[in-house]
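Heads up, the next two complexes both have chain A, just with different partners, chain B and then chain C.
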Partner chain A sequence: MPTLLEVKGLRKYFEVRTGGALSRKKGLVKAVDGVDFSLREGQTLSIVGESGCGKTTLCRVLLVLENPTGGTVLFKEVDAFSLKGKDLKRYRASVQPVFQDPYASLSPRLRVGAIINEPLEECGAFSKDARPVRIAAALKQVGLSENDVDRYPHEFSGGQRQRIALARALSTRPSLMILDEPVSALDVSVRANVMNLLKDLQAQYGMAYLLIAHDLATVRHMSHLIGVMYLGKMVERAPSEEFFSQPLHPYGQSLLVAAASEGYEDSAIQGEVPSPLNPPPGCCFHPRCPRAMAVCSQEAPSPKYVGADHMVACHLY
Partner chain B sequence: MVTALLSVEELKTYFFTRRGVAKAVDGVSFALRRGETLGLVGESGCGKSVTCLSILRLVPQPAGRIVGGKILLEGENLLEKSETEMRRIRGGKVAMIPQSPMTALDPVFSIWSQLSETIKRHQKMPGKGVWETAVTSLREVKIPSPEVRLRSYPHQLSGGMRQRVIGAMALACQASLIIADEPTTALDVTIQAQYLSLLRRMRDHLHAGMIFVTHDLGIVKRMCDRVAVMYAGKIVEEAPVKAIFQSPQHPYTMALIKSVPRLDTKVGRLASIEGHPPPLFDLPAGCAFRPRCSEATEACDVIPLRQEIEQGHWVSCHLVRGTGDKRRYANIA
Partner chain C sequence: MQRWRSILEKVMHTPRFGRASLRRVSSMIKRRPSYILVPMFVLVAFVFVGIFASLLAPHSPTQIDLSAKYQPPVWGSGGDWDHLLGTDALGRDVLSRMIYGARVTLIFALSSVAISGTVGATLGLLAGYYGSWVGTIIMRLADIVLSLPMILIAMSVVMVIGQSLFTMILVVSLLSWAGSARIARAETLSLKEREFVALARAAGVPGLKILWRHILPNLVNTLVVVATLSMAGIILVESTLSFLGVGIPAPDPAWGTMVSDGRQALDSAWWVSVFPGICIGAVVIALSLVGDWLRDRLDPRLRQV
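So, the complex of A and B:
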């Protein structure tokens, strides 16, 4: 499968005021700080990490909702940030987001047909006559009926709403979908349904997924590749099965332990993510790392490859 | 037989609305001993939270009413208590860990004023004693330099610390029953693990009973001693946690377990439960799970009785008959 997305050295920094609303002191939050990865057609890359690690900013940059501070994103070998006008609209049509909460992401005042019509109209690739056909097709793809176009979101259950959100994303025939916690707002028994649907759609249309989820069991079930982020940096990247059987970075290991630990022991890492305004020097994970060495507080580790596809940024390797 | 800390018998909480009567909790019975954690699992709207609110007598008025049953806490029926007596029990003997501990603290009051308010309401002690109790309980939940932290305001504390302050409130008042209603939903795995181990430590320290409401079966496995699976206002299966995962008997329990992806191995396609839970206004006659059950028979027209198939393992399903005829579904979990 050809490479769809190539992200190199992507950085997004935010300037923030520190010390009160009137203060002139400026701080820099490195929300995404040098992230590399590539994604092939039909693959799912999951980004895992705690709140504030930069997952959402990464998504926003990929959707060109934020301009990056540095780095490149090549989508089908074209630089995504050089796109303007029609080309940008076409890019947005092929990179579609699905959000966490289908109760918030669908306008309650629009009928389902109008909701799905919006991206179709906006991307400019479909004529007025072609749109109703696309809408009906998208609804069918997610297992809803074409008669649902005249209904309102409140008439649907949570799982069905997430299907509508999926249909909206699918309508423009994207080749990459950015899924930000697509099942965590749904009921347990419905999650399986939506996850199965996502996998079926991928198998059928060869879309790539960039998935953000905090439930590691969901991540394992859905993904081919895993990227672990901590304070804006990607600290480990590996094929899914390799990561779950043998995580290398101490942070990746602690995430797995935290998700799997049984019984009383306090085996999970302690403490919380430090403030991104003032990240620790050296390797930013060293204050919480159970295996920290002297070098870790002085020098930031550079990414190393252990095995063909297994990247880890840690002084242990 | 150790006497139960809490015993709920045939609890019925109905909501009387314009659309009809919603039987949110419809004949729920369970018992909880000290030092034990009971997991309450099920889909949204199955009555987990209403069961908890009924124990606290905080069912939304006037639509909601407890229409029948008994709630015995240390032998005393909470349903016969006056509102004044209930106020003493809430936050005292019974502590509630809210769904989002991050927002449960009032931002305009210091930690000290919120913690001392709870302590003073439930325990008679001199001012100095209140301070000492507050400091000890904060230390108990591993908050560094508690004397300083007591003067802080919630926004000056990190999310994890705010959660621990909520825990400290339950500790300070020597709660004997802790009700935790989905306390870890949407937390990061690391923070979740820290919080779960704090809750376990609290339970052991107070030798309290804990009701743990969740829909995450992975957490049930880690936290609970026994599990009650609820569906449409009824407990359909109740068993020790091991039995629930190794040999679930009710078709709903089995479906629930099979629909969840696993962390330890890669599973193929997930089994999904088709359909939706029935509307509580209009429950089907007979077993409420019948419309979604793949094994339903004509017998299911009648509401199944609760039967004990093994010590401590109750099931309400016509497919399960007595101890001799127990079905075994090994290796599902």
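So, the complex of A and C:
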């Protein structure tokens, strides 16, 4: 299967003013600091990491909402940031997002039909007569009725709203869906339904997913590839089965333990994510790493391959 | 085919002031607390009188009749039903002048609020959404305008250009837009960070369309409240300017002018000042009460997305 999305050395830095309102001191937040991966059609890459690791910034860059500070994004072998006009519209129709908060994702003053219609209208590929058909079909695909076109978002529950957001993303028949923690804000009982729906849709339409999550339990059954991010860097990336059977990076291992155990065990990683304005020297994980060595505080590890597809950035290997 | 047509119709109709809004307004009114009835009635009466002034007034407001100078209201000695609320120094019927004054005040207030509200909201929207130097310039301009003394400037302008209703509307509008601009900008700043705006941008919707379709409809609630409350202030400004003699030019009736005219006879012919004064007070208080009620009903809902 051909490569759909190829990301190489992607970096996105934000300049921030540190100090008071009048100070000139500038700091740099390295939200995404060198991320590589490639995704094929119909595959799911799940990116896991704590808050602040850069997952949402990654999404925004891939959606061409921000310009990268460095690196390339190739979609169907074309640089996404070189696209303009009609090509950019086609890209936007092919790469659709679903965001985390179902209560903020739907414009409160628009009817469901208008919400789903928006990307259809903007991409210009669907005529005025074709759009209502697509809208009704999209609603049916997510398990809602086509009579819901008339209603307002506040008439729906959280799970239903997320389905509406999903219908909106599906309406343009995208090849890639970027799902930023799609179920985190939903009740646990509803999560399984939505994840199953996503899985069915993928089986039916062969879409690729970039699935962001902060815990592994949600994504286990859906992922083909797992990527672990920490403070803007990808510290481990492997096919799903290999990762779950043999996680290499200490951070990845702790995430797996946390997912497997129901309680708060002692083997969990202590401490909190450091501020991205001031990352630790060397390997950014070393202050919290149970297996840190002397070299970890001096030199940042470069990504190495253990096995054909298993990438890890750690001095242990 | 018929079914798709109707879905299409519904989809294309992005509602801001459509049937849905009317339904919400009427349900809001049905669920009103009882104390709001009186101020709402006052406002409805104000608008009604303003619109139908020529049908309601028993006399012409500018007709001078020196034989009926300072006639007291109907219940006083010497009063009669011809001049229900008495006459002023030139024998003009107080009631008729009040009725026509309502019309002048209504036109003035609605125009000023409409112009300043539209200008302010637009500038605030643009400042909030696009930010950077455009936003900074607009906000500094707003700060300057807010610090200007409206009455003094109105007086100066009138002395240069001359008195007229149009002049007054112009001056007051140009000096009142800053309040709604600030509020619009604040709301826009918070709205533009919401996910539905990011989704619209990810879909490729251009900036102005996002402002019109996503941000402006969510501002309307707050802007309505601001408009109602600022109308109270604007009516007071008009009354003050007319009182000072730089407002509506004589002999056209205006409540402020009437209050001023009656000053020299306050101890004997009190009705010339008091009745228009009561009108000013009633309308301003009613607007404030209704504005507060609207804010309580509309704004929390806005948060409840």
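The rule we apply is simple: the second predicted complex is superposed on the first by the 310 of 317 C-alpha atoms of A that agree within 3 Å, B and C clash if a C-alpha of one lies under 4 Å from a C-alpha of the other, contacts with A are read in each partner's own complex, and residues count from 1 in each chain.
Here, contacts are C-beta pairs under 8 Å (C-beta built on N, C-alpha and C of every residue); 3 or more make two chains touch, one makes a residue touch a chain.
Note that this is a predicted model, so its numbers are computed, not measured.
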Overlay on chain A: chain C relative to chain B, clash or fit: fit
Which of chain B and chain C A:41 touches, first, second, both or neither: neither
Touching partner for A:220 - first (chain B), second (chain C), both, neither: first
First, second, both or neither for A:149, with chain B first and chain C second: second
First (chain B), second (chain C), both or neither touched by A:6: neither
Centroid geometry (CA): angle chain B/chain A/chain C, rounded to a multiple of 10 degrees: 80
Which superposed partner A:66 touches (first chain B, second chain C, both, neither): neither
Touching partner for A:107 - first (chain B), second (chain C), both, neither: second
Distance in angstrom between the closest Cα atoms of chain C and chain B, superposition on A: 12
Contacts on chain A seen with chain B and repeated with chain C across the two complexes: none
Chain C to chain A touching residues, read off their complex: 4-5, 7-8, 10-16, 20, 194-196, 198-205, 213-214, 217-218, 304-305
Chain A-facing residues of chain B, complex: 43-44, 158-160, 186, 188-194, 197, 200-201, 215-218, 221-222, 255-256, 259-264, 266-267, 269-273, 276
Touching residues (chain side chain A, partner chain C) in the complex: 60, 63-65, 88-89, 92, 96-97, 99-101, 103-111, 113-114, 116-119, 122-123, 128-129, 131-133, 135-136, 146, 149-150, 152, 154, 165, 168
Parts of chain A lying in touch with chain B, wherever the complex brings them together: 50-51, 157, 184, 187-193, 195-196, 199, 214, 216-218, 220-222, 241, 244, 254-270, 272
